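What follows is a set of structures to go through.
Each of the next two complexes has chain A plus one more chain, namely chain B in the first and chain C in the second.
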Partner chain A sequence: MSASTDNSKSLFGYVAEFQTASDLYHAAEKVTEAGFRRWDVHTPYPVHGMDHAMGLGKSWLSAAVLVGGSTGFLFALFLQFFTQVSLYPTVVQSKPTNLFTLPAFFPVTFELTILFSGFTILFGLLTVIMLPRWNHPLFNSPLFEKATDDGFLMVIEARDPKFKKEKTHEFLTEIGAGKIEEVAH
Partner chain B sequence: MAGLKDGDNYKDGEFFKSPTLLKLICLAVGVGGLLLFFILRFSMPEKAGAMGYSWLFAVVFFLSLSIGGMFWTLLHHASNSGWGTVIRRLMENLGVMVAVCLILGLPLIIPQFGFRDALWEWFPKREAALEVAVEKAEKGREAYIAEHVKVLEKSSAELEKAKAEFASLDSPSPGHRAHFERKIAALEKKQAELDSYDASDEAVLEKLTDKYFLKEEALLFVKRAYLNENAWYIRFVCYFIALVGIAFTLRRWSVRQDTDPDPKWFRWLRRGSCGFLPFFATAWTFLVFDWLMALDYAWFSTMWGVYLFAGCALNSMGLLIIMVTWLRKAGYLKDIVTLEHYHLMGKLMHAFVIFWAYIAFSQFFLIWYANITEETKFYLMRNTEFWNGYTITFLVAGHFFIPFVVLLLRKVKMMPMVLSGVAVWNLVMHFCDLYWIIIPERGPSLSAAAGTDIQMMVPGAWIFDLLAFVSVGGIFGFFLLRQLGTASLFPCRDPRLDESLNVVN
Partner chain C sequence: MAGPSTAENNVHPSEAEGVVREPLVLNDRPMSWITDRICGIVENRQPFIWWVLFVPSALLFGLLLGTLVYLVSTGIGVWGNNQPVAWGWAIVNFVFWIGIGHAGTLISAILFLTRQKWRTSVNRAAEAMTLIAVMCAGIYPGFHVGRFWMVWFLAPVPNANGIWQNFKSPLLWDVFAVSTYFLISVIFWYIGLIPDLATLRDRAKSKIPKFLYGFFALGWRNGNRQWRHYEMAYLLLAALSTPLVLSVHSVVSFDFATSVVPGWHTTIFPPYFVAGAIFGGFAMVLTLMLPVRKLYGLEDLFTHKHIDNMSKIILLTGTIVGYAYIMELFISFYGANKFETDAFHLRILSGPYTWAYYCMFFCNVIAPQIFWFQWARHNLWVVFIVANFVNFGMWFERFVIIPTTLARDFLPGQWGYYSPSTTEKLMFAGTFGMFMMLFLLFIRFLPVIAMSEVKGVLPQSDPHFPDWKKLREKRRKANS
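Our next item is the complex of A and B:
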């Protein structure tokens, strides 16, 4: 690879291939044990329990969604009460215009709660995974293409504090990696 | 992966030894309560109506739990799921309880108990209206036949006269001839119609009965094809055959698989379930139409079946969680059921808390907005006096908001005791929900039937409600405990056992 001639500053990290999902799972447990932080695994299909093996904690996204959903809920109630009850009391089918109008506002409240939650999920997720971006260094790696086909891949990034060019390479071989590829920025 | 469990290690199953003492307590409470209830029933004939509502409530509560068990079994097979194989036998055992519940429901449909006519006013009303109609028809029959004969004679005389006039003309002009031909043809047609009219005694009696029935009770006349005794009893037999047949088939095939290495039973279950589902859904929907919606025969809601179903699915999942926790406390299924299963069951319970609220609110919302007198009656009754606070406390807050918020937390779903606590809470709310569906009809219906001032509540009748609930519950508990011991606690040779043992979500 051309990357091997570059100095370590332009090294993005290693892509390592494992034979099976099970190998990858055990390797992930060892990487977690070794204390790496900037790393990830890529498989063609979801591997059950991988989040546990990788020692992933709880995402903050669910808390954000709760806040987003609550905002939508309150906003919808405010919008409807303000316009239909306070500002311009609107009588529909001789229904009252006070607190007892509440059932009429439920559908909109429900929808806006969902909408705001959905937007929070979408934009929160984009923030977490740092999208959109034009390109990613991993696309430089021919091995990485197997992630959507038949490859069980692990990526350890060079910016990880524990990353040492030679030692990490050795470590990957030790935990059972087959092919290991250096990826340049 | 480390520590994958192999289903072959569990192929002998795990057998539950029913605690005899608990079983005997259940039986004693059940049979004692049952005897007391029916002794009270026959020593206080004036309370028969009030007690009918109590019995209906108790039977429907436990019936709904077993219907839910059947639903989860069917869904598990039809969707070819793997996660719940280890708890599927518990669902099946819950499902076959449907037979116990429907048999306990027999006093409701046997008129000699005095429950049927008090619960479903359309029975006495229809009977009274028919009696009046038949009496009037008997009286009016002769006059009607005489009138018919008179009309017939008059029409044939007219025809004869026209024919004679036509024959007496020597040379009629073409216009004249056409006029007579048309006149005679019309009269002949009328004559033929009158002749074909069945003027026998029976036919006239039937026609007149319909006429007077329509005048007496228009609504019952219009609904007569559905709301009549014969159809009602035939329908009950169909529900019984469908529900009991499906529940027992599901369990029998599943138990056969425990000893037979041939996976054909598993395949049959999967295919069978897809075919059973429509019959199951239809039977339950029409059963609740007949038993609960018909408490007021003038009222209707198209969401009734799905509303009752939502409560069933939610609360039988709750009961399953409680059963699993209890069995694990007693030392069973320790290695089989994991926190992952709890998490999944908790998620399903949460989903159905939301589903129930969605359906309950939709039903209310449509009726509230449309504001049609015959529909709003249901909610008017349940917003009056005591029931108004009851609705808001138990149904809006207790049945939806509290479990919804509590179950949002992932930790709650992973803690068996806490999750079982939530399940108990949901069962209490299900009790309140069914109580709210059935009991508010009691006061107004009974006082209207007795011809006194309309009363919302029958004083003191709640004692019968509790007594009926405890006795049906005791019998249900006894049979469920007995049922649990008759086969392995989980389908031990199911092809999906490995998948279920190692489920991760």
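Our next item is the complex of A and C:
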């Protein structure tokens, strides 16, 4: 609560409802234009092109997964070469164990690459979207429950530097919001 | 991304060529209807037939536990395995269940990457089925090792004598492949569930469901700043699961193909196994979803179009499997290796299990050919019966591959015969009980169709075509 502009310290922000995905999309373009930063749209499904309307770039989760997958790949090679070649060579059916037995190590290397990538996706995702966080001021809003059903909602937070209690309310009406609800902390 | 276009040319991309496509959700259902219908399954009392199915399934599951206790306390000899048939029903059933477990991730991953939007109504249930089938599969090799309490020897840690696993062994590859597949499928399924759990959380009236759904929904808020990472995560998982799903049954087939046993030592095994797994998996999805669709009134979400598409996949993969059967025979003839030729001669003409071969061939290759006809794909009874032929036939395929081959190897002096013991039969019935029981519990407690994904493929969910309804009517008129 650093940049609370006017009176109410306990105001979290506004939840505004729009009629259709299309209305919300165009409203989001206008909010981006107006230069708001602490805001989001909440929809029952990911709306196509909304990242563009909100001026958001590509998610960088893929970069984290590249690192995770590479770790898995290297770990698998280390595990197999270290244990099979130097620590305890298992000679079965007089098959050799040395650097050239690489093809026999492909399946496990492949699987561990995928496994490490998968866990990086899960934990990477939870990290970037900052979950789990079981409580949130938005859960106080009855209107917000529609986000998981059929509502197209926009939330502008009070801590946004551009947020002004009356002006933002007017602005939301202007860009086509129907119901607007104040959410307290 | 579709940019702004002139009003006249503003045609939805799916209808760009003037074709009115069959909608994925019938009767122009609004989003709230979808939420109510699917959450209703979880929130309302289950129909009587749910209990009629659940109670015997749970009893069969109890039987499974009983046979396992009997097995561990007595010894692996309670199974019918012998020399030379050391891999009896245990491995047949393992491969059978793993195969069934392929449809889920195929639907969620490969059909996602290929932009098959119809997958959204099917993927959740298919993924749940996958997880349950892999659990059923895991029981068999676990107990087949003989001393179940020594299963930890399979994990990549040195055992008590400081001996490490043999990473060149296909059996160890299998451990990695199956466990990776299970874990990735769990992650995929769970990430897909998070938004729907949030829906259930927001609708829950009483305290305990609210707490539990809320706990597992992790506080998901459906914000676009979450969705954009979520979509990337889903895409990445789909991209990784696509080679994974193809690799799992390939690795399972290596258990056979890298051995020197005639009848197993063939390079066609990996693609043949993968096609068979997809084939069997889709058949099981249809077997489960046709009754679910009827019972819970999901006809508008799981439409004839879905059933039609899945029947076509069954036809395609069944024909690939048929090609593999015939190619195996041809190569054994063309390869002119005496042991190979004899192995297949015994398999199809003079061996003790030829009946199983023809049973398999009929169920897997002949029966699905009826799907060339549209009336067959649109008649639910025909689809259901053929799907069950496939379930049956795919089990026989594994039976043909395993005991038939092992019972007749190089020297006639080693030849033997195998028939399952009562314990084995009861155990197999028990895994079916476990499968049904867990699937029924899934229907009871979790959304059976991925709501957030179905909402995303509705015509009104595309922000770029607000007047889709008018456009569609116009197209219809122009066409007629």
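To be clear about the criterion, the second predicted complex is superposed on the first by the 175 of 185 C-alpha atoms of A that agree within 3 Å, B and C clash if a C-alpha of one lies under 4 Å from a C-alpha of the other, contacts with A are read in each partner's own complex, and residues count from 1 in each chain.
One rule holds for everything that comes next: a contact is a pair of C-beta atoms (placed from the backbone, for glycine too) under 8 Å apart; a residue touches a chain by one contact, two chains touch by 3 or more.
All values derive from a computational prediction rather than experimental measurement.
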item	value
First, second, both or neither for A:176, with chain B first and chain C second	neither
Partner, of chain C and chain B, that touches more residues belonging to chain A	C
Partner chain in contact with A:55 - chain B first, chain C second, else both or neither	neither
Touched partner set for A:22, first chain B, second chain C, both or neither	both
Touching both chain B and chain C, residues of chain A	22, 25, 48-49, 52, 58, 104, 107
Residues of chain C defined as touching chain A within the complex	1-2, 30-32, 35, 156, 158, 162-170, 172-173, 176-177, 180, 183-184, 187-188, 190-191, 195, 198-199, 201-203, 214-215, 218-233, 236-237, 240-241, 243-244, 247, 251, 254, 451-453, 455-456, 460-466
Residues of chain B defined as touching chain A within the complex	1-2, 361, 364-365, 368-369, 371, 408, 410, 504-505
Complex contacts: residues of chain A adjacent to chain B	22, 25-26, 48-49, 52, 58, 66, 93-94, 103-104, 106-107
Residues of chain A defined as touching chain C within the complex	20-25, 40-52, 54, 56, 58-59, 61-62, 65, 69, 79-80, 83-84, 87-88, 90, 92, 95, 97, 101, 104-105, 107-108, 110-112, 114-115, 117-119, 121-122, 124-126, 128-129, 131-136, 138, 145, 147-150, 155
